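For reference, the structure I am asking about is given below.
Going in written order, the chains are labelled A, B, C, D and E, and every chain counts its residues from 1.
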Amino acid sequence: MADHHVIIENLVKTYPGAQKPSVDHVSFSLPRGEMLALLGPSGCGKTTILRMIAGLIAPTAGAIRLDGADVSSIPVYRRNMGMVFQAYALFPHMTVAQNISFGLEMRGVGRAEREERVGRALDLVKLNGLGDRKVSQLSGGQQQRAAIARSLVIEPELLLLDEPLSNLDAKLRDEMRDEIRDIQARTGVTAIFVTHDQDEALSMADRLAVMSAGRLEQIGTPREIFDRPQTDFVASFIGAGTFFEGKVAESGLAVVEGLKTLRFVGDASVGSTVKLMIRPHRLLLANREGQTNSFTGTVEHIVYRGQILTLNVRCGDRLLQADLPTHAGLLPEKGGTVTLAVAPEDVTVVGQVAA
Amino acid sequence: MADHHVIIENLVKTYPGAQKPSVDHVSFSLPRGEMLALLGPSGCGKTTILRMIAGLIAPTAGAIRLDGADVSSIPVYRRNMGMVFQAYALFPHMTVAQNISFGLEMRGVGRAEREERVGRALDLVKLNGLGDRKVSQLSGGQQQRAAIARSLVIEPELLLLDEPLSNLDAKLRDEMRDEIRDIQARTGVTAIFVTHDQDEALSMADRLAVMSAGRLEQIGTPREIFDRPQTDFVASFIGAGTFFEGKVAESGLAVVEGLKTLRFVGDASVGSTVKLMIRPHRLLLANREGQTNSFTGTVEHIVYRGQILTLNVRCGDRLLQADLPTHAGLLPEKGGTVTLAVAPEDVTVVGQVAA
Amino acid sequence: MSAAAVPSAGSPTAGASRGMLLMLLLPGLAALVITFLLPLIWLLRASFASSTVGAFSGGDWTAQSYSTVLFDPFYWRVTWNTLVLGFNVAVFAVILSYPIALFLARTESRFRGVLTALAVAPLLTSSVVRTYGWMVILGDRGVINSTLQGLSLTDGVIRLTNNSFGATVALIEILMPYAILAMLSGFGRLNAQLEEAAAMLGANRFRIFTRIILPLSLPGVLTAGLLVFVLAISSFVTPRLMGGGRVFVLGTEVFNEATVTLNWPLAAALSVMLLVLFSSIILLYQRALRALET
Amino acid sequence: QDASIRGTVNIVGFSGVFADNYQKFIIDPFKAKYPGIEVTYQQSKNSAETLALLTLQRADPKIDIALIDVAVAIKANKDGIFARLDPARVKVLEEMPAWARLDGDKAVAFSQDNLAILYNTDTVKQPPTSWNDLTDPKYKGKIAAKLGDTRGVILLPILDKLAGADYKQSIDPALDLLKKIAPNVSTWEPAPDCYAVIQSGEVDLSICWNGRAQYLHDSQGGKIGVAAPKEGSIGQTNTVGLVENSRNAEAAQVFINYALGAEAQATFAEKSFYGPVNTRVKLPDAVAARIYGSKEAQAAQMSLDWNFVADKYSAWIQRINREVIALN
Amino acid sequence: MQGNQLLGRIAWNALITLLYLFLLAPIIVVFIISFDTRQYLAFPPESLSFGSYVKVFQNIKFISAFWRSLIIGAIVGIVAVSAGMLLSLALARYRFRGKAAVNFLILAPFLVPHIVLAVGVMLVIAPLGLLDSYPGIVLAHLGITIPYTVRTIMMSLMAVDIRVEEAALVHGAPPRMVFWRITLPLVRPGLIAGGVIAFLISFDEATISLFIVSVKASTLPTEIYHYLEYSTDPQIAALSVILILISVGVVVAVERLVGLRRAL
């Protein structure tokens, strides 16, 4: 921890005039070269954290350390960070190339080298040939890429990205993700990026920090977050799922109202009431009824989503959500009866219910 | 066709001063109660089509018919359509409730009924309690929902939605999708919505119209579009995939450079060169090498995406993209060797290559 | 030297900000203090002087001028006239300027620049010359009267000028450019898409105007109204010349006391009176604006 | 030529044609006579502005001589703006009438511009001959009369005399007469000015200053006619004053002595149609007629007790404004 | 287009035309009069000629006053814009005590009649020895023009996304560079519009100028005023027309260049 590149300690930000803090005692740290995704619903304080790290706003309390040293006395323009703003914040009076070149100029890089590096950056974000355009002549997606190029070209030590891909269509977004990931891996820059797209967070980041209402809910690898959410909020915010409450009858077995019993893997003391979750894609079509953790019900709703088919299956008074691969042989139809099963290790304990 | 609710015939729009038409001979039609998604990259003309249907701009050529009658002589305000604008266009001087109520007032609905219907609409979009807020006091997502409520409350015959969900996080977006889908199904209103999110298009729409540079590329059900894209553009725009070019050696068998042969299902005359596509999730882990349509290679890149694991597998000089479910037993690791296989019916012909 | 991102005290560049702030404020404030605040203080001082010399260099203090202003019913009537004139001019100038401002705000015409310039052009004509222009139009043998007589619509002369009607008409025209400019800058919230949205919701042109355009432009209209009112009640050349000397308003009285009877203390006191009027109007206006916004 | 006296004299005075004439007929000849004395002439918009300027510079005057309206001069003397002229240096004082030597020679009248009735020579075929003609109903709505300033203050004593009263007793008779004129008045603030409205035919008659009207009559084709009423008139009186604490008092008094002299006065009267004050001036008949009108009118020419009038100045204007103009 | 929509358009255009006619009526009259050959203002003209224009261009007082006004207006424009820029920055970007007072001080000159200010300005300027001097008249005009420049620049400044400045900071630009490279270029429309307005006001101001200047620094409006004291002839009309044409030209050029309306 102590030798981590970025250390955030008990960061608090209360905007003037606000009753509640927008960022509330958040602590985390990143080793050099890591990419962290800040994830959370709109208004939970993601941008605020980035802006404090950048030095654009001052924390109400808490500390930000880079390589162990408190940064509060370093002015913004000497922190050597790159930042992609949520609304791009390109310089409207400059061409694309001038925008990208700006940071290099500020660093006193010579003209020839500048031109060369700007050219490379333009290639990187697939804007070659658009360098001489005015910013206003770019589409939203192109602007976003120009902003990315501007922040990358200065080879910052720390890269801050605020929803850098929100305005791109799926295709381009995938490409840019790979690009950013690549550059980050190659240059070894530490990066923090904000997103509300969980797929983006899961696929790009080394670790995810999930926030809710100013607080850090959980921080961990994509797998930890997705498969072992530690709070209710994280469980329901990341990925879909069906939630159950059950009384633990014996170790690894809970009695759930309306269903029979549910076998699960995880710590839960006998007699306590636990919250359990099943991810939609962990529910599989079962061969036969009566199998462990199997549910039979009627298909109420089917949504085709290309790769997968999302089913809502009614079992008694519960609605189970299941995602089946579209190529999994004979697919159920609306109104039909299906039996779904789940492996005990795919039933996750996401919390205790106070008695 | 003739009895369809909305019929678009050879619609063309060239903006004054533009060299190329922004919408170029587009024709399609919708039966009453259908929901159509207009999908395509930024700037392809989606909004332009919506605005012509709404009557906000006049087509350069072509006709729009509602219930068989040409609408060109009906002024906007008598067309009884609901529209959600890309940038919301909420009335800034009114409260949320007043915004929603506006259309009802224009229709002379009495105060009591108005209040009741506005209340229900607010519930619907989960804005209960925010009715008295000024529009400027809402977050982006909340504004978008208010705009949706405003267009729904008048129970229009035709609903036009321009990227209605772009500013919502995954969770809320899913909920709103279901809500809109539900309302649409319940009220039987015909709806056209614009999106650049293919997941949204696939999961919400009865049919998809994919556009590119002003032209309609393909229109069809989600499955037709996803599984049987008729053009290169559609294939690469919707969903990911690995593309091959191969010479058809015999019916259903193509020789692909760098690979061996690829069996496919589809029409292609022997001797011609075809473009073939394999969707990532149709590539499965194979038990043994040498099976039909199987490829062995090294895992170059792994991305964990919650539900699925995306692999980039290098076979010779080709990179295959495969999506494996995360619960499919023992998962491959980066650098390891895997064998992937695909069923011939999952190898899609997406076009011919001119010799 | 930008204050760019130094919005709050805790900021990393805050150390420099106090000195910076002073640097930013000093030149402009110095100019304003010299050419506005000090003259105003002098005005106050002068209004309490007893003689012409006292008005310049101090000396004794007396409230004589104020008691003259406050206890002379003539000045009450003048004040009332001033308010009536200001009100009429403000109302009509706003009504007549509104369509032009709306037109300029929306037109896509190539001539937009010229049209904007033309709307402002009246500001640049000497008021004496412009007044003469109005005399030609409204005079007893002017364009309107001769047209009416030519069409045999009237046989007598209709008195259109040398009275408060003439003064009002000319003031309206003279102050319209200010109203147009003020409205133009206040029309920022108007946005074609809002009108489209209203049309989609079933509002016809009339309703779009009354329910969307008008309310959205109301702050601009209020600002324009205030500006015109204030300029109208402080005007003196136009009411004097166009009113044929029959229109007595505070502006003409100030001018009269300052340049004809040389009673500077009284002129100062009348000016202070005018300022008090302004201030109360502005306060009322701000109330109205706040009420509009909540 | 007398080059023995040296110095600079700074004069502030009226602008426009007056300034041109003053330069040409007073200053230039003076400079020819006294080459050692430099003279600068600064134009001022009006006497009020001049007074303001002088008041401001009281501690350190930059101006030595002011040409100023008599009413303003008297006001200035109340504030001690002007210095007493030295009779030893300004010998010509002896030639000035008593009424012209104000406040013990702290300002001396040097010219008078008579109030007259102007008429449009196209529309008025029978020029008015009497101030009483102003009440003639045929001029209804055809008179321009700016009376809110010195013009009104001068007209009142004239009308008082017409009514057989004395302005020192009461001006009520004059106001009553004025109220009879009022219905004929089209504008009390002629725009652009009281001469142009005659030229353009906007009105038939206008109560205005003689000098300028004569000048316009000559220069612009005789459209303006001047009627000098037989009951005589009163002139707007211009005074010259030596500024208190002037640093060039000596040279300044040399100048004043010259400017008040008969020769200078006569030339200026002939060129500007302003009546001279120096008692030794004898005007040619033609010139006298254009300044004062007929012999009858010349005989009836009046002068005022300016100290008395200055005291009533603003009260009279106020009464004209409130009792006549405001009610019409 | 529907019939009644067309009708509405025609009615609307007719209304606008009428209003413009009203707005420009006296100027049209002045324009016509300016060609009259007579030596006094009268309508309609007897016969037409460019004589008055020729005379205006031959009038040395007008010409030299015109250049003086031009110089004074230019200086006033530049100084008012500079001071206005700094004030706007302080007001738009800082929170400080007394901000309301500063705001009022900037708004108030809009509302105080010039006739009221004029004597006071003279009184303040006189002891500085600045009467009838360029610095004096420039100073006097600053008070009435700075409010306009602050207003227009503020409008531009508000429109500038602060994030753009932040982006420059983050990418290594010290505040000084942010100002020169980002903020200043972005508010240029406001600067130009403010400068033009300040110029026009200074160029046109008579009331206060009359108290400040007499000979050396007399401006065109004061010359016109003095001229009107003893003659009212078509020269004045011709001069007005020339000035209007110049101003319209300036406004149109600026509108073309930066879009004046945005800044207003």
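The rule is short, and it goes like this: contacts are C-beta pairs under 8 Å (C-beta built on N, C-alpha and C of every residue); 3 or more make two chains touch, one makes a residue touch a chain.
Remember, predicted model here, so these are calculated numbers, not experimental data.
Q: How many hops, at fewest, get you from subunit A to subunit B via touching chains?
A: Graph distance in the chain contact network comes out at 1.
Q: What's the chain with its C-alpha centre farthest out from subunit B?
A: Centroid comparison gives D as the farthest chain from subunit B.
Q: Determine which two chains are connected by the greatest number of contacting C-beta pairs.
A: Top of the contact-pair ranking: C-E.
Q: Using Cα averages as centroids, what's the distance between subunit B and subunit D in whole Å?
A: The separation of the two C-alpha centroids amounts to 91 Å.
Q: Centroid from C-alpha atoms only, then distance subunit B to subunit C, rounded to Å. What do you get?
A: About 56 Å, centre to centre.
Q: What whole-Å value do you get for the distance between subunit C and subunit D if each is reduced to the mean of its CA atoms?
A: Going by mean C-alpha positions, subunit C sits 37 Å from subunit D.
Q: Can you list every residue of subunit B that touches 2 or more other chains, as numbers and ranges?
A: Where subunit B meets two or more other chains at a single residue, that happens at 75.
Q: Where in subunit C do residues touch at least two different other chains?
A: Residues 5, 7-8, 13, 56, 128-129, 131-132, 258 of subunit C touch two or more partner chains.
Q: Show the residues in subunit E shared as contacts by 2 or more other chains, in ascending order.
A: In subunit E, residues 41, 43, 119, 123, 166, 168-169, 175, 182, 228, 232 touch at least two other chains, as defined above.
Q: So in the complex, which bits of subunit C are touching subunit B?
A: Going by the criterion above, the answer is residues 189, 191, 193-194, 196-204, 207, 211-212, 215-216.
Q: Write out the stretch or stretches of subunit B touching subunit A in their complex.
A: For this pair, the touching residues of subunit B are 41-43, 139-141, 167-172, 174, 196-199, 202-203, 222-223, 226, 236-240, 279-282, 303-308, 310, 323, 325-327, 343, 346.
Q: Provide the residue numbers of subunit E that touch subunit C in the complex, in ascending order.
A: Spelled out, the residues of subunit E in touch with subunit C are 8, 12, 15-16, 19-20, 22-30, 33, 41, 43, 79, 82-84, 86-87, 89-90, 93-96, 102, 105-106, 108-113, 115-117, 119-121, 123-125, 139-144, 146, 150, 155, 162, 165-166, 168-169, 175-176, 178-179, 182-183, 200, 204, 206, 221, 224, 228, 232, 236-237, 240, 243-244, 247-248, 251-252, 255-256, 260-261, 264.
Q: Tell me, which parts of subunit E touch subunit D in their complex?
A: That would be residues 38-43, 119, 122-123, 126, 210-211, 214-215, 225-232 of subunit E.
Q: So in the complex, which bits of subunit C are touching subunit E?
A: The contact residues of subunit C facing subunit E are 1-8, 13, 16-17, 21, 23-25, 27-29, 31-43, 46, 56, 96, 99-100, 103-105, 112-126, 128-134, 136-137, 142-143, 170, 173, 176-177, 181, 184-185, 205, 227, 230, 234-236, 251, 254-255, 258, 264, 271, 274-275, 278, 282.
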